[in-house]
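Both complexes shown next keep chain A, but they swap its partner, so chain B is in the first and chain C is in the second.
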Partner chain A sequence: MKKTRITLIVLFTLCALALIIFSLSVKDSLPGLLDRMDAEQTATQDDKMLKARDRVLESIREGDRSKILRNLERYTSGWADRLDLNGEIGLELFFFRNGPSLTALGLFLLAAAVAMALSVLDRKGRFRKAAPPLMLIAAVYTGVYILENVVGSDSMLMTVLEKGAIFALIAVSMNLLNGFTGLFSLGQAGFMLIGAYTYAIFTIETGTRPQVYQYYAGGLVQFTLPALVSIGLAGLAAAFFAFLIGLPVLRLKSDYLAIATLGFAEIIRAVFQYDGLGPITNGSNLLRKFATYDTVLFPFVIAGVCIALIALIINSTYGRSFKAIRDDEIAAEAMGINLFRHKQMAFVISSFFAGIGGALLAMYQTTVQAAAFTSAMTYEILLIVVIGGMGSVTGSVIASFLFVAASEWWLRFLDNEQMIGSFQVPLLRSGFRMVVFSVVIMAVVLFYRKGIMGDRELSIKRLTSRLSLRKGGLKNG
Partner chain B sequence: MAEHVLELKHITMQFGGVVAVDDLSMHIDQGEIVALIGPNGAGKTTAFNCVTGVYTPTSGQVLYHGRLIVSNRPEGRMKTLYAGSQKDHPAEVVVNTPDRITKLGLARTFQNIRLFKTQTVFENVLIATHLHRTSNLLTATLRLNWREEREMREEVLNLLEVVGLKDARDELATSLPYGKQRRLEIARALATRPKLLLLDEPAAGMNPQETDSLALFIKQIKDRFALTVFLIEHHMDLVMDISDRIYVIDFGRLIAHGAPHEVQDDPDVINAYLGVDEE
Partner chain C sequence: MSDFIRANLPYLLAGISVGGQYALIAIGYTMVYGILRLINFAHGDIFTVAAFVMVYMNATMPLYISLPLTAAVTVALGFAVERVAYKPLRTAPRMSIMISAIGVSYLLQNLMWYITGGLAKQYPTIPWISSSVTIYTATTKMVTLVTPVLTLLLVILLVQLINHTKIGMAMRAVSKDFETSKLMGIRINQVISVTFIIGSFLAAVGSMLYFSNYTAVTPVSGAMPGLKAFVAAVFGGIGSIPGAVIGAFIIGICENIIKALGLTTFSDAFTFALLIIILIFKPSGLFGEAIYEKV
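Moving on to the complex of A and B:
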């Protein structure tokens, strides 16, 4: 057991080092690579080819990676018959093209090797327990980074991943309230709206404000804050509103609380479209031209950090008292838990992260309009929470990605008319996707009464033990 | 005069026109086991709830170690509706919620067991240590309170060992047999580090063997944690066995009070329990 581990560690380290060193060294030798590619200097005889080559060299001097890649692609594919692109040269080209991905992969392997080495050395076993989930998370992030480099950030897959990550954060924040504290609140869209608007208002470039606020003389706010600060502000603004709303509303129970919070969300939506607030909110017009992100990793990292924080809260002594309130309010109070304070805490925390989720959603959409934050949005998130399992963080995350992928991507084909030969497949037309989607959701809810995960968390240990059980069962059978 | 641990002064609890508890006065001293008994619907649990802050009495006061923790007088509509026999009302109004009462050192169990259903035995008790935290949300989230957290866990493990549930610590609370659920509820109450333990019908639904072991158990924890115990009970065997003093109420009114053997022979008590011959 130990021997195989050590071999694995050595193997991983070597692979990692090879990947990193090779992909980094290739980067600087591109001009030399171009020379070797064209050993017979055919380019000097062809003006067009020479120009294409010069363009590559020029973009190398400029240092814009995407431009280098574009020009290199044009050069190598345009004159493939005259260039030597096989063997070692081809390999180097591959490494140059996928440099960042391979470096990331190398770093991941290195981290895996280090983690394995530490697990072997770790006597107490605390690290050994924490290592697999951490490595899984690292693998997901490395995977997303490599995917983005391979398929490009405009692809459907990336769109689904972005939106999935954002919805995961919002769903987990809602789960904290509905699943862990047992407060049935339907105000999530309202808090997202506050977050989205706060973020957008503070990050629109000062120069473009007259354009955005064209009906309101350029608006009131005339400064721009950094994106990260604005995201924090978005959370704080939502939390502040939650604090105020919570004072009266949290004294209500179950259905009444749901109605009150739903009402709040609707009111907020109306207020933000109110003309009198136009200089700040731009009335019912779009907010646009604010800072957005340019890599999928951004929403992934922000959402990941926030979800990790929520998970830490849930497993702290405060999280335990939230769960106690959910299980039995009267007993919780008799154990010295101040019901109102703890409910308010859960409400404010949940809204804080919903606000951050709203800010990320604004970045994803690149425009914000209050009219879009309807109660239907809250229901979508509630659906994710229920499908994932009330009281399961990983359930919400998994359900979020599945939900977004199914609704935006996998079922798309149902919206297009399809012909098989001269036979037109019936029912397939615009809008049919949502019908099937609803049926799928009903089926899921019927077969997984408590959601995909119930109130348990995804655990690698349980997964592997189940797998090995199945294997053992097969052998015996 | 030695200070009473708990003192009820002229407690009256009226719901609408119904007087559930009428002018109940009693006291409990350090280290005693005192029982409150009475037929069904006599108002025992109502009196209990007035002490633990679930209800605010219509009139009367509760003192804990000489400190006023509950005090009220009829207000508003109750002024005209009031039908209790005690006509002098306290001047102060002091209202405490159950969580604050628990923080003062009075912990309770429930007649119909109220455990945290989705939590394990260990977590059920751990939750009850929450009120002694010194951490705030930030330090708890970032695990800067790990030392305190570790102490809490050790304390809970010790408690579980004392009540004999250490082996069942990772089981779901509701999967325990009935008698053990009772013990768990008591362990959970003990985790709030009480000085006065209030037990609401701890032997309800138990068979004779379980009741016997419960009596022993209550005495054990009383000595071990230097507790004073106030209990409501139907089970006469248990009450006669462990109580130092007994209060008997019927229709909300105190009808007898004294040592077990005195109460046992009291004609009023016999009448209340067996009914008076109507001839």
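Moving on to the complex of A and C:
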């Protein structure tokens, strides 16, 4: 057992080092590679070919990687019959094309080797417990990075992943309130709105403000903050409003709380569209031209860090108090838990992260308009939480990706009319996707009430033990 | 003085009219809440569906058939929603039923979007009701005058039904104590179905009156009046029918006063602010019974 592990560690380390060193070494070797590629055929080169080659070289000087790749692709595919693209040169070309992905893969393998080495050395077994989930997370992030480099950030897959990560954060923040503290709040869209607007207002570039605030003489705010600071401010603004709203509202019980928070979300929406606040919020016009991100990893990292923080809170003393309140308010109070203070804390924390989610959503959409943050948006997030399982962080995350993928991608074909031979498939037309989708959701709500995860978390140990159980069962049967 | 009246009469009339329409929706909310302790989030969408049914019915058949048929289809929908989405969850926690209601609302909205193609549909003009009438220099539609009268008439009928018939007595019993009335041999499911039927019927009537004031219907045009009617039900004390009616009239009138003051953006926000103020200072509403929690 230990021997195989050590072999694996050595193997992983070697692979990782090879990948990293090789992918880094080919990074600047493209000009030489181009020479070697057509070394033997200089005599037969025509003008067009030379021009294409010069374009590659020029883009190397400019340093824009995506442009280099585009020109290189045009060159190698256009004159494939005259170039030597096989053997060693082909391998180097492959490494150049996928350089960052392969470096990332190498780093991941190295991390895996280190983790394995640690778990071999670690006698107390503390690390062994934490290693698999951490490795899984690292694998997901490496996978996303490689995917982005391979399929390009404009593809549907990447769009789904981006939006899924953002919705995951918002769903987890709502789950903290509804699933872990038992407060049935429907104000999430309102706090997202505050977050999105705060972010957008502070990151529009000073030069473009007159364009954006064209009806309000360039607006009131005349400075620009860095994106990360603005994201933090977005969370703080949402949390501050939550604090104020919570003072009266959190004294209410179940459905009254639901309807009061829903009402507050509507009030926020109306206030942000109010003409008198136009110099700040641009009235009912949309805000645009604010800073956005250029890699999918950005929302992934921000959402990941926030979700990890929420998970830490849930596993802390406060989190246990939240759960106690959810399970029995009166008993929790009798145990000495200050009901109002803990509810307020859950409400403010949840809104803080909803605000950050709103800021990310604004970046994803590249424009924001208050009118879009309706109660229907809150309902969608609530449905994600229910599908994932009330009281399961991993459930909410999985459900967000499934929800976004199904509604944006997998069910798309239902919106287009289709013919099988000369037979027109009935019912298929614009809007049918959402009908099917909502029927599926209703089925989950009615017959599968616990959702994907119930109130448990995804555990690799349980998954593997179930798999091995199934194997054992097969042997016996 | 006469100038003041001349300037504000249209708003007052509109307020009373809208208030009556809210009242008809609010009754559906308040009755369901009284019996099931459920905020029926789908009620506003049933109200919108009624409008679309009317649009499509009226395209193919004369008015004297389409009006009752619309009411019948809406009632059938309300009944079906209860049977499919709420009945299986009777023993589930209350949050589950509420989520199911939200799911139904989502489904109905998407279904309407699919059927109409997301386009606004022109609402048919109902003769006589849509004709103009002038009251003391204020020109308005006949529906403005008809609504309060019809609303009051229906409410009186409903109160009679609840106070003086067997099914009404059963409803009162169930809303007082669900479990005990079950033990007393009341057919709970029947009572709940009747509640949804009455609620949906009133929503259909309210929809006919409400949309006569507007030219077009979209899948989301019922969401706001639905929410406001709910606020009216809470304002009057949820579970109480006279409370819901009075709450609806107050909200309808206040909303139009705010519009008269030129603050149209805030007319929706005002309704919710009112709701929150009421919930903080008198959570049981104007006429509701205070709820005490037993340990």
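A few points about this structure:
The rule is simple: the second predicted complex is superposed on the first by the 471 of 477 C-alpha atoms of A that agree within 3 Å, B and C clash if a C-alpha of one lies under 4 Å from a C-alpha of the other, contacts with A are read in each partner's own complex, and residues count from 1 in each chain.
The rule is simple: contacts are C-beta pairs under 8 Å (C-beta built on N, C-alpha and C of every residue); 3 or more make two chains touch, one makes a residue touch a chain.
None of the values given here were measured: they were computed from a predicted structure.
When the two complexes are overlaid on their common chain A, residue A:333 makes contact with chain B while staying clear of chain C. Residue contacts after overlaying the shared chain place A:267 against chain C, while chain B stays out of touching range. Looking at the shared chain after the overlay, A:309 reaches chain B, while chain C stays out of its contact range. When the shared chain is aligned, chain C comes close enough to touch A:251, but chain B does not.
Residue contacts after overlaying the shared chain place A:434 against chain C, while chain B stays out of touching range. Of the two partner chains, chain C is the only one touched by A:275; chain B is not.
With both structures placed on the common chain, the touch criterion links A:21 to neither chain B nor chain C.
After overlaying the two complexes on the shared chain, residue contacts for A:228 are found with neither chain B nor chain C. Which of chain B and chain C touches more residues of chain A is settled by the count: it is C.
In the superposition on chain A, the residues of chain A contacting both chain B and chain C are 330.
Interface residues of chain B, counted against chain A in their complex, comprise 52, 54, 97-100, 102-103, 107-108, 110, 114-119, 123, 126-131, 133, 135, 137, 140-143, 145, 149, 152, 188-189, 191-192. The touching residues of chain C, counted against chain A in their complex, run 37, 39, 84-85, 88-89, 92, 94-96, 98-100, 102-107, 109-111, 113-115, 117-118, 220, 223, 227, 230-231, 234, 265-266, 268-269, 271-273, 275-276, 279-280, 283, 293, 295. Of all residues in chain A, only 309, 312-313, 316-318, 320-321, 323-324, 326-328, 330-339, 345, 349, 391, 455 touch chain B in the complex they form. For chain A in complex with chain C, the residues that touch the partner chain are 178, 184, 248-249, 251-252, 254-256, 258-260, 262-264, 266-267, 270-271, 273-275, 330, 374-376, 379-380, 382-383, 386, 390, 429-432, 434-435, 437-439, 441-442, 445-446, 449.
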